[in-house]
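Naming follows writing order (A, B, C and D), and every chain is counted from residue 1.
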Amino acid sequence: MDDIRKKAKELLENKTVQVVIGYGKGSGEEARAIFVRDAAKTDQLIFDETCLQNLAVYILKHEVKHLGKIAIVATSSVLRSIMILASEQQLKDGDLVVLGITSDGKYIDLPNFKAIEDYLATLNVSITDKEKELLKMIDAMTMEERWAWWQNEFSKCFKCYACRSACPMCYCPKCTTDSNQPQWIPVASHQLGNMEWHLMRAMHLAGRCINCGECAKACPMDIPLNLLTYKMIDEMNANFGVTVGMKPDAVFALSTFKNEDKENFIR
Amino acid sequence: MEIEKKLLKKASLEKLFEKLKADGKKMYAPVKKDKLVNFALVDTFGEICDDYILTVKSAKSVAFPKIEKIVDYEHSKNSSKAIDIDVSNFPEVVLWGVRPCDAVGFDSLDAIFTWDYKDNIYLARLEKTSIISFSCFKSDNNCFCTSVNGNPGGTKGSDILLTKISNGDYLVEIITEKGKQIIAKAPELFEAAPTEEKDKNLTNVPIKFNVKDITENSAKFFENDLWVEQSLRCIGCGACAFVCPTCACFDIQDESAGKNGTRLRLWDSCCFSLFTMHTSGHNPREVQSQRWRQRIMHKFSYMPERLNVVGCIGCGRCSRACPVDMNISEHLINLAEEVKK
Amino acid sequence: MSEKFEPKVVAFVCNWCTYAGADLTGTSRIKYAPNVKIIRFPCTGRIDFMLLMKAFANGADGIIVSGCHPNDCHYSTGNFHARRRWMVFKSMLEFMGVDTRRIVFSWVSAAEGAKWAQLVNTSVEEFRKLGSYDAYKQVAKLNIEKEVFNG
Amino acid sequence: MSEKNLYLPYSMIIEKVTEEAPFVKTFRLKFENEKEANNFSFKTGQFGEYSVFGEGESTFCIASSPTKKGYIECTFRQAGRVTTALSNLEEGNTIGFRGPYGNIFPIDDWKGKSLLFIAGGIALPPMRSVIWNCLDLRENFKDVTIIYGARSVADLVYKQELRDWEERPDVKMVTTVDPGGETPDWNGEVGFVPTILEKTAPSSKDTIAIVCGPPIMIKYTFPVLEKLGFSDDNIYTTLENRMKCGFGKCGRCNVGKVFVCKDGPVFTLTQLKQLPAEY
């Protein structure tokens, strides 16, 4: 942690960056995102097991970008998000300074995208056992049970869009759900509107989601939304052999194809 | 009307519930489902949860639901007509287990929905609602009702307020005519008021700031770096507004099925960029700091000035629901300090 | 005795192969089930998944999606891209408990008039057996009082 | 409950459709129900919510003058979902209308004064209501000057009325188009509205200026007016913001503590200067 603080201080002092996005003490038990712009305040930066938020969501935020060049404290989720943003041409190598951090708080020097790619290759990024368990639970259900289970979950939704706002991959300036010509998704938070919204969200994240779980964490109604996107990660792996968010120049699995792609479901 | 006090024995609480239920009213009470406590329709007393500080969502939806029909219509190429909705068949509802802060919240909603133009749909729903509140015996760091003129045992907004006293019985305060009518359904359950003081059974919510510092000096705030500073980590979702008992901003949308359709009123949030976006693409509140400012100023400046009521009741729900720890009381303390500079 | 249930079927087809194939079915005077309403797209690659959901929301009991055989796409690769998306979409729907037996994917070329007739006939028969898609129709129906008291 | 449903629109029949300019149309609307028609009244400057069922509602000012009885008119540009649906409608179709809402141009206070109307593009409609209102009460006012500009000749709205005003001896009418927007037979001015205003140089003595136009035009017009000696109290304009309800509930049109739907849409420059820059 001291390394991170020292590095952040240095970057701010020599004006390499104008803001360091990192974790600071929150009002409750969990740490919160802080934006350090003053070298003297870098000791506010912390890192421990309560630092959970995927900070990559701030990289493209208008007012944060407006502050100047960014340095970001980057857990593996942040790094993978950066890889996706890079592969989707939202970030160029050198646009930001990455202060890599291991899960136990050690600083890793990651000067460029190549270094991030190499570092990520050493990590085990498959979904966790707990996540696998949940998927298994739902997979074991009958179709009717799954329908009822999800409808019950969706019925809690009131469309605050915290799932969308918290997601670093949801950076579209105009979301499909905000489009009213045509009105793709009903604005109202009724059963159909909720289901279509969550289906659309999951589909638009298929092959892009890196499994940071922010959507479910952000949901004030505790809907396990990340299950939908975990499922997609599983699919990507199984069908296309792709692990998302490992390379800065990866091709989006759904904008490419192979001649031999499975088609046993097609008559 | 003067508040009348009675005693309700612990064992009689369920009987009161049964009586009201038997009277044909829809009972709407806090229920714990999948770890969250929220208001829901209940059939039996046993479903009700009593161990909670506050429900995740507020009680406002009973009069201002997330989806509300405001007009029906029929439309075809050559003829279209709007059809008024029938507010007289809204159900009679008892809102059970409301916290005093939520009850005060209806005052803020009233102020908005009756500002010159009286919203008959909201008023009809509220008129059919009886509010039975329970004083708070628990609170957490997010609570700040006492800083916005509230009180964990406040009677304002409720029809009946129950406060659990040391032996487990309830001190009953009958606040309104509606409350009286409820008591009249089961007069045999009520006894002479206990002598025990109410206040010592309430949780202590420390005063965090002086709300007048903010409401009376709001002109100083509009142009202030504070807003950007506070809202940098805000991600612009609507969680705060949707759980808020006093947020009343809404959207209007049409939904059709064939020739028939419904015009709906839906919850909306000033934190969404689309909220104020013109068709031309021009947006008067273009960035999140402006939208965050709007949220705070609306509650602590515009509403006090225009409607004579503070638009916040200090429940702290927004702080609990916020995915990025935007803590409202912390920001209000900042504002109050800013005045002293 | 109520009338025999007839499923409402929507077919999303590409302009160049399946639509032409369906046309051939007609000009060849091959009869097939009248339950299907055909919606023509420039290419299967254009068939957004939300369109299928809209069909269900508007009362469809079954859906047929069809386009050119692999390597026959008028735009070279549209159907290959579509195939990947269908794969993912189908598993997403299954995961959410949507009845994917009600969505039939197929390749029908401009020369396969008979295949089109057979595809529609067998699909309609399957959909008829599955009955009305009430689970979805329930969700698609606006139930205001229920939503009001859903907190 | 004796209160009426605030959201229930009147049924209005489209009596006449006028194509004003590309994508701009005027509807003349008549109440379907005679009783409603008789009870209805409005004053110049007010607006309403027009709806196409199934699409939604859209906010425009009432573009006709209260002195013209028996109908109201609205002029809109096809831009979003509702206006697109509106522009697909034909004479004889029905639409919904709620209103009138908002405050008014205080034309009674302007008695005995000269009037200067300055409008740009599609902002003539709100102005047209007050222009006709004043012209129909012409004896109440001294000089009347109208300066109107649009991007091109084709974009000028109310072309017939522009000619009518031009021909009236008691109106000084100046029409202009942006440089490059003129046609070979154009005999009006060429130049931006603020420039033409400066060139026309109307007297500010006992004169009320009413300005409506796109933000950029307004921004450059105010300094010219000030140079001409207009005081802030004598300059009027209308604000527009996104609205849903029209009567101060839905919470999106406010500029600071001021609600455009209730306190506006008409503001003097004095009032405008007290508002935060959030519109």
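Here are a few things to note about the model shown:
Here, a contact is a pair of C-beta atoms (placed from the backbone, for glycine too) under 8 Å apart; a residue touches a chain by one contact, two chains touch by 3 or more.
Since the structure is predicted, the reported quantities are computational estimates derived from the model, not experimental observations.
Looking at contact counts per chain pair, the maximum sits at B-D. If you average the Cα atoms of subunit B and of subunit C, the two centres end up 45 Å apart. Centre to centre, using the average C-alpha position, subunit C and subunit D are separated by 50 Å. Computed from the mean C-alpha positions, the centre of subunit A lies at a distance of 33 Å from the centre of subunit B.
Within subunit A, contacts with two or more other chains are made by residues 189-190.
In subunit C, the residues that touch at least two other chains are 142, 147, 150. Residue positions 57, 66-67, 251, 253, 255 of subunit B each touch two or more of the other chains. Taken as a graph of touching chains, this assembly fits none of the simple shapes: it is neither a line, a ring, a star nor a complete graph. For subunit D in complex with subunit A, the touching residues are 80-81, 84. Every residue of subunit C that touches subunit B in the complex is listed here, in rising order: 142, 144-145, 147-151. Listed in rising order, the residues of subunit B touching subunit A in the complex are 34-36, 56-57, 66-67, 141, 228, 231-233, 235-239, 241-243, 251, 253, 255, 264, 266-267, 269, 272, 274, 287-289, 319-321, 323-325, 327, 330. Listing the residues of subunit C that touch subunit A in their complex gives 49-50, 53, 57, 70-71, 77, 80-81, 83-99, 104-107, 119, 135, 139-140, 142-143, 147, 150. Residues 26-28, 30, 32-35, 53, 57-58, 61-64, 156, 158-162, 164-166, 178, 186-190, 214, 217-222 of subunit A are the ones that touch subunit B when the two sit in their complex.
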